Each structure stands twice: as C-alpha cells, then as structure tokens.
Amino acid sequence: MKRDAKNLTNAAALAVFWLAGLTTVVVLGAVIGYVLVNGVGEIGLEFIFTNPHGVNAEGGIWPTIVATLYVTGLAMLIVTPVAVLAAVYLAEYAVQGRLVRTIRFAADTLASVPSIVMGLFGLALFVESMGFGFSVISGALALSFLMLPIVMRTTEEAIRAVPKYIRWGSYGLGASKWQTVSRVVLPAAASRIITGIILSAGRAVGETAVVIFTMGTMINLPVLPTDPGRSMTVHLYQLAMEGINMPAAFGTALLLMAMVLAFNLSARWLLRRNRRMQG
Amino acid sequence: MTPAEETATPRELKLMSRSTYVKEAALKNLFLLCATMAVAGVVLIFLFVGWRGWPVFSEVGLARFLGGAEWLPTAGAFGILPLLVGSLVVTLGALALGAPLAIGAAVFLSEIAPPRVRSFVRPAVELLAGVPSVVYGFFGLLVIRPLVADVTGGLGFGPLTAWLILAIMIVPTIATLTEDALGSVPEGIREASYAMGATTWQTIWRVLLPAAKIGIIDAVILGMGRAIGETMAVLMVVGNAPVFFRGIGKPISTLTSQIVMDMPYASGVHRTALFGLAIILFLISMGLVALVRALSRFREETR
Amino acid sequence: MSEALDCPSPGVPSADGEVKITVRDLDFHYGDFHALTGISCDIKARSVTAFIGPSGCGKSTFLRCLNRMNDLIPGTRVDGTVLLDGQDVYGPGVDPVDLRRRVGMIFQQPNPFPMSIYDNVAYGPRLHGVKKRSELDDIVRMSLERANLWKEVKDILDRGGLTLSGGQQQRLCIARVLAVQPDVLLMDEPCSAIDPTSVQKIEDLMAELKSSVTIIIVTHNMQQAARVSDETAFFLQEQAGEPAILVEFGRTAEIFTSPKDKRTEDYITGRFG
Amino acid sequence: MLSAALLALLAGCNGGRQHAADQVIVTGSTTVQPIAEVSKEGFEKAHPGIHVLVSGVGSSAGIENVIAGTSDIGTSSRDLKGDEAKHGLVDTPIAYDAIAVIVNPSNPVNGLTKEQVKAIFQGRITNWKEVGGPDMEIGVVNRDEASGTREAFSKIVLDKERFDPTAVILPGTGQVRSVVAQAPSAIGYISLGFVTPEVKALAIDGVAPSEEAVVSGAYPISRVLHFFTKGEPTGLVKEFVAYVLSPDVQDRVVREAGFIPVTARGDGL
C-alpha cells in the first residue's frame, strides 16, 4: 500500500506542476488574445499613419508611434556606448575590490528602481533643473538610466562568454589590451550585445510611468529632441481611463504589443542564429 | 615587411612607447568613467528626488508624514500610512498568489517539462515579462475587474483585482531566477536522490528545493521589489481610495498609484509630499537589493 | 650586449651553437605561492628545445615567463633575468607587446579567432600597421605555406576558422603567429588536443621551421620530445607546495640514454611521474 | 474626461516655454478639452500655418498656466476660487454643462433630492434601502481631484465639504460610465452630454436633467464652461475665442461633446 501512496502523491504533485507551467501559457494567450481579437479590427493604414482628431481622439495614433520610437531610439543611442564600455571595464579591466563592488551594487539598485521613481527623477532633473521641459530628450535620458543596468549586465555576460584562450591568442600575437578587446572580443560578442540592447529597448517601449512625467502627455509630432510628445503607452492609459474611445485603445494596445513582441522575438532569433553560427 | 633573412642581426626590443602607454591608460579611465555612471545614476536619483521631497519632512514632519493616518492633501493631511499599508497589502497578496505559481512553473520547466513542451512554455514566460504594465492594467480594468465585481458584488476595484494582475506580472521575474537557482544545483544531487528510489516529487521537495533555497528566496525578494514598484497596472485596478484596507473587494490606494494620480495637479507641499513618497519607494527597493546581497554573502559563508 | 655569462651550472650545455635565450636564477611567485626557483638555462637559436616533467611541475608556467604572458595574471612576480639576444626581457620600459610579437605562442587548445581564415592570419600584421591588401595577401599566403596549410585552405580563405579540423586549426594558429615574423615560437603542449595524424604534420612542420625559428615545446609525451627536440630540460616539483626546479638540461640524446641525475632517470624510465 | 498628466507648471519655475508668434496655447479642463480640440482643427484649417496646442491638464492647472503666462487661454469647468480671481483674468463663457447623477439601469431608484445625493457622496448614506432602493451597499464612484466636473459637483452639491474618502476614484468620464453601467450597486456623476442608454440619469429634486431644464435653470446641478485669458483677448487669441463662439462650433461641436451651447440662451456675446 505504501508504494501506491508514494506514487499517488507524486502523480498529484506532477499534475500541479504541469498546471503551473501551462497556466503561464494560458495567461499569456488570454492577454494577447484579448488585445488581438478586439484590436485587430482597428489596425489599418489609416489608424497607423493619421493623427488623432475630434472629440475623442478618433482617427490614427501616428504622433504617439513616432514619439515612442523617437524616445526609445534616442535612449538607445545614449545608453549603448556608456553601458558597453562600462561592461568592458567590469569584464576586462576591473580588479576585484571595493570600487567594483560599489559599481555592481549601484547597477543592481538602478535595475530595481521603481519606474515611477525614475519618472519623478527625470521630472526633477531633466524637465525642471536642466530646463529641457517636457520633451523627448528628457524622456530618453530618464529611460537611458533605466536601460543602463540591463545592457551592462547582458554585455558583460556576452564578453565573459568569449573563451579566455582566444584572448591569449591575440595577446600572443603582440596585441595590446584595447586591440584585443576591440578587434577580437567585442566582435565575437557582438550579436549577444545587440540582443541585450534590443531587449532593453523592448522594455523601454513598454514604459509608461517614466515617460509620462518626462515627455508629457501632449499629442504632438515631436521633431526636435526638445519637443514634447505622448507615447503609445501614455495614450493607451488615457484612452483606457477616459473610456470613451475604446476601439482606439484596443488598436493602440495591439500595436504596442506587436512592437514589444517584435523586439523580443528579433532578439531571440539573433541569439539563436549566433549560437548556431558559433556552435 | 619582407620575411627576415636567416642571419639578420637580432632586432632591439622596442621600449614601451609613451604614446601607447598613455593611450591604454586613457582608455582604461574612460571605461572606468562609464562604469561609474551607474553609481552616478543612483546618486543623482538620491540628490534630485531627495532635494524635491526633503521639504515635506521639515514642513509636515517625519512622524505626521510616516505615521499620519489620513492622506487628504487638499485639507493639508499628508499621512501616508494608508498608502503604505495599501502597498504592503497589494504586494504581499500578489506574492502569495504569484510566488507559488512562479516556483511551480520554474520547477516544471527545469525538472518535469519534456523538451518539446519546454520549447514553448519558456518563451511564453519570457514574453510574459515583455508585456508592458499598462497593457496588464488595461486587461485588468476591462476583463478582471468586471469578473471580480460580479463575484464580490462591489465595483471590482481593490486588492483582489490588483493581486490577480500583479501575480501574473511577477511570475516571469521569480520564475526565471528560480530556474537559474535550480539550474545551479549540481546534477549529481538529483541522480543520488533518484538512485535511492525517490520519486520526482520527493526529489524536488526533499533535495532540490532545499538545495536552491537561498536562490529561490532571492527570486521572491526581487519579485517583491518588482511588485511594490509597479505603478500603471495597479493604478488602473486598485480604485485609488487613500484609506486603510477594508476588504479584498473595497478600493484602496498605494504609494505608486497615488503619485501618478496626484502629480498632474499637485503643487506646493502636496508636490513635495509626492516626491517624499518616491524617496520611500526608492529606499524600500534599495533595501530589498541590500537584503539579497546580504543573503548571497550569507550563502557564500555557509557553503 | 651584456657580456656572455660563463659560469657553468647544471642548466648550461657545452656552448657550441649561438644562444637565443639566456635564463639566470629565475624565481616565479603567484600570489604567495612560490612556483619556480633557481631556473637557469641557455636556449640555442634555431633549434627545438623540449620541456618535460610530471604535470604541475611548472614547465608551462616557466614557458609563459619567456614572453611575459604571466604579466596578464594579476599578483604574479618574476625574479632573476631572462635575456633575448642578450637584451633583458624584464628590463625597465620594455614593451611586453613588442616582446610577444617576437616571441610567439601556440596554446594547448587550438584558438583561432571567430573570423575567416584570411582574417585570422592577417590579424597580426593588421595590428602592426600593415594596410595594403596586396601586402597582406603575400604575408597570408607565405605564412600559410610555412605552416603547410596553404594547399588545404587556399580556396576557402573566407570560410570561418572554426570550421577547420583540430589539426588544421592548430596549424592555422601557427601560421597566424608566423605572420608577425617571430624569432622564437613557444608551444604549450600543442598536440595534446588534436588527432594523431595531425600530430605528425605538426612535428614535421617543427622540423622545417627549426631552420628559421627557435622553438620551445612543452610536452607530456616523452617520445615526442625525443623525436623532435635537439635539447631537453627536465623540471620537477619534489614535494607538493614546494617550488619546482630545473633538474637537468642537455642534449636530448644524452638525456634519454644516459641521464646524469637519478631523478631524471627515474622519470625517463617511467618509474614515477 | 481624464485630466491628462501634463504637469501644472508653477509660476516662475524656469521650465516655462516662450510662445512662437503663430501659436495659441490652450490648456485646462478635461471637460472642455473635446471642444478645444475640435475647435483647434477647424481653426487651423481656416488659418493655415497657425498652431493651436491643446492639452487637458484639469481646470486648476489650466488657470495656473494662464496666470503664469505659459498658456494663452486657460479653460475651466469651474469658477475662479481664492486668489485666482486677483490676477485680472477675463472670463468668456463658451457653453453650459449639466452634471447628471447616474446609476445602473437595474436600480429601481429614479430620483434623489440634492441633500440625499450629498449624503451618499459624503458616505453618510451607505445603503440603497435608505433612499427607497433595494438592500444593497452603495458603490460610490468619484472623479480625481484634477477633474473640473468633480470641482463643480463639489461646489454645487457638497457645498465644498469633503467627499467620502472610501469612494473609488476614476480619472476619466468614460470609465465612470462603464463601471456604473456594469455594477448594480454603483452611483456616479458625469456631464449630461456623456449620458448613454447604458446608464440611468436620476432626477434631482424632481427635475429630470434635460437641455430645457438646464437652459431654464430648473435643473440644480449645472455649471458654466469658461475660457479665461489674461486681460481682454487680442490678436490670434481673440480670433480663436470668436471662432469658438461662432455657430459652427456652438451648434455642432458643443452639442456633439454633450454640452449646451451658450448661444442657446439667446444672450450669446
């Protein structure tokens, strides 16, 4: 009898784990499905490429798409050099000590800062003290602090994944440290670094609390970095809470999801292709 | 550079040229500067959020601010206790629902799932992490709130709805970290347990989970950090009533949602109070990171 | 040129050929671990010298002292003198980068860069300023020919270096080093990770290169040492925790037939090690 | 209408923006927002090259912006209060807005006195059976403090006393309506113009909310929608105000947004 009891509990436990595993898929399916079913009817060239107008922002959401891509692109431009070179320092030059421990603690803290705090920080520093006002540049600078720890971590892992003896090969040929890093290590780690940057961009596109207080909420097609704008996430929030023009809300949500999924899936594809190429 | 003749006079060893030495040192300092940007970031956040929020401690006073039981800025009441309790209730509830689900999913992925199943469940977990929080809020507002309203008879806003949404949002954070912790458990331990005739469940319960305990605790703490910091999704479903917790179906408010609600029109002391809320949120998230580091140092010593 | 040091010590064979590398009383510390002590020997130019000894006796570590590769590991210290063509390698202001160009190194694990075959070989020359494509083509062809790899790869130069077999990859690494015109070629157990047929090709290659490059090879395989080397040095760590020493250094024929030191004899006849 | 999250720029903080000559900045009440936005499109078509920047930040913020000079027109769905009146702002009413108290259609209650509405929204009445309805706890839905509708409702109905703090707070008209439409126990308030069949508007003190009742003044919960400018509007600003008062906006846009045209009283300026 005892053996059956053991197998019974085992089977029951496995069923629970299967349930937990599949629940995540079901939930993802529900969220994406709900947005897809209600939003797909809204998506059209007219919805994507025209401006909102009229009492309840009928029409397209073009300015919000431009604002989102503009702020994310600018943030990527700002954060990439700093984060990659910081990771090079941590992976190649740093000697274990108090300084490195402080840097790592700061990076972890930055990664765990609630987005609302990052938003207020952007408001206090970039919007007001630096006088950029509500603008794409304020949003991009705040987002870059959010993305910094993510890109730093993925880049450092990518650099450490380059085998040690490849570096020795380069040193053995009389290459200096920077020559070895720039000509061998970084190119070898390039695709994983790019993957990290794409993933952090995907995260930035999905941000609301950071951009709502730095880029503002004015529906405006930003041209100069100092122009204000309303991101797709903020637009979705406003449409949802106003609750009058729900079709546009669903359309915006679907486009937002498509954009985020595109970032994530392209990052995964790049990683898989790289792993196969180096295999 | 033609190949050296056989008996070329031996070349002198070049001395380290000033320029290469200077160049290398300059580059190293540049990289160090970039690395310290992370520290600069944290310091700047402290400085600017702190500078804007500091007056509230002098004008309202720490005791009335932290201990005050009523948040009604227009009437000059800046007690954030209801908001703190709100955040705690929402976070702990989300953990109670989300952590077991996440750990279950992680164990499923690392121990039980056949490769074919794993190949679509793992991307699903990672994509769950990619969904923007405002979309979760949107889904919560339009789908989960009405369901909860029917069940509880209320309006559907409040802790229960927030728990359901937040639980989904923290699953990816906790699941991926738990999976890493399980992954770092040496393979030999599993085989030893199976070799003694233990079932999968016994191996998981008696051997694997205890071995990965610290890693899982780290994951849950970071999941908590993610939950307490969540803003948009909570704002859209929690009901935003700045009062003490009165039931799972009754609206309350949290630190993060109150900031977004009030900021557009707050001014004077009210605005500094909101920055004060941000300081407290920042300290809580830093505390959690420090806790995780302390735990990992503790794990190093006991290994 | 500092005056030739003439005090005979166990490490100095009878001076009949020109000396490339002179080592006197070399000590090596790694953190607080004293790895090597009192190593002195003269490596002949344009010859093959083998370092043998039980694993962990510091022969690889000593090899890395010759081109200052150990400098890359923090917390290491080298005492004593190492002369390359009479010039002190650890002298003040010596550029280790230039030293490593003149003293090339081949590693146990073939480590071509994740680039094309052409770029692998052209990497060194490009580092040191060679830009003209035609000049690079000549160097690449010449280096691959010297490494007996040209015929096998001349049509697939743009394919990834990692797509070659183990033996081919090792020869690619040798070609890569030859492209920067080294005077000395250090080989740290080059054949332990590749298939037997390729080992033969590498050994033939060493015999050919001997005429233009001084070769030092660390090997576990005593038969290989006997086959390829002109002189052999036997290293030993008597007790664990104690620094390793150079027990005996001499012509390979003598070392393997009539070793002077009993410890060498015990190792050669396989009684231990 | 949700109070958008554009920050209320305090007078004197250095983030202020200079106005280009060809630009009219209109910020303020989210209730007036739809009228301002549609007028912007019409006005920009009629005056190519002229930009009208519109954003809904809530009445309080709009008034502060026009005082601070960062906006040309401050729109508001409430009268000036406190020291706001001391800055010599010129008031140009552009429409009337009646606030309807709405309940779920399944709720048998059809009307309430103003005092009962006040008691419910202050939390003194908590069960529908106290006002002739079924035994069901009342789910009060309130608007956020930035909303002009809330401000007007507080002034007219609550005589500026406190709201029940345990009420749900929603930053948008549409959400108030859909929550009330879905939850049988809910009660909320929205502009008359946004009432749809999915909710039931209650009669207040016996007067059902309708345009005639608002115009005649019989309906007790109504307010004026204002355009505030610093001094008499001039130049472009004057043209824009005139355009908003023109029949093109009053009869079409104002009605479409659910409000009552100011010209309906016949004493339009």
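First chain written, first letter: the chains are A, B, C and D, and each begins at residue 1.
Operating definition for what follows: a contact is a pair of C-beta atoms (placed from the backbone, for glycine too) under 8 Å apart; a residue touches a chain by one contact, two chains touch by 3 or more.
For clarity, every value in this text was computed on a predicted model and none was experimentally measured.
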Exercise for the section: Using the touch definition up top, find the fewest steps from chain C to chain D. Expected result: 2
Handout entry: Intersection of the contact lists for chain A and chain D
Key = B
Completion exercise
One chain pair leads in contact pairs, namely A-B
Handout entry: Chain separated most widely from chain A, comparing mean CA positions
Key = C
Fill in the blank from the handout: Per CA centroids, the chain at the heart of the structure shown is A
Problem - Length of the line joining the C-alpha centres of chain A and chain C, rounded to whole Å - result: 48
Practice task
Mind checking the centre-to-centre distance between chain B and chain D? Centres are C-alpha means, answer in whole Å.
Solution key: 39
Problem - Distance between chain centroids, defined by C-alpha means - chain B, chain C (Å) - result: 52
Practice task
Between chain A and chain B, tell me the centre distance in angstrom, where each centre is the average of that chain's C-alpha atoms.
Solution key: 15
Fill in the blank from the handout: Note: chain A residues in touch with at least two other chains are 176, 212-213, 240-241
Handout entry: Per-residue overlap in chain B, given as positions that touch at least 2 other chains
Key = 20, 141, 260, 263
Problem - Residues of chain C touching at least two other chains - result: 97-99, 102, 128
Exercise for the section: All pairs of touching chains, please: list them by chain label. Expected result: A-B, A-C, A-D, B-C, B-D
Fill in the blank from the handout: Seen from chain D, its contact residues with chain A in the complex are 1-2, 4-7, 13-15, 17, 34-35, 37-38, 41, 53, 55, 170-178, 194, 253, 256-257
Completion exercise
The chain C residues in contact with chain B across the complex are 84-87, 89, 91, 93-99, 102, 125, 128, 130, 135, 139, 142, 181, 183, 211-212
Exercise for the section: Quick one: which bits of chain A touch chain C in the complex? Just the residue numbers, please. Expected result: 95, 163, 165-166, 168-176, 179, 183-184, 187-188, 277-278
Practice task
Spell out the part of chain B that touches chain D in their complex, as residue ranges.
Solution key: 70, 72, 74-75, 141, 146, 149, 153-157, 239-243, 246, 250-251, 253, 260-267
Completion exercise
Residue positions on chain A within touch of chain B in the complex are 6-7, 9-10, 13-14, 16-25, 27-28, 30-32, 34-35, 81-83, 85-86, 88-90, 92-94, 102-103, 105-110, 112-118, 120-121, 124-125, 129, 145, 148-149, 152, 176-178, 202-203, 205-209, 212-213, 233, 236-237, 240-241, 249, 253, 256-257, 260-261, 263-264, 268
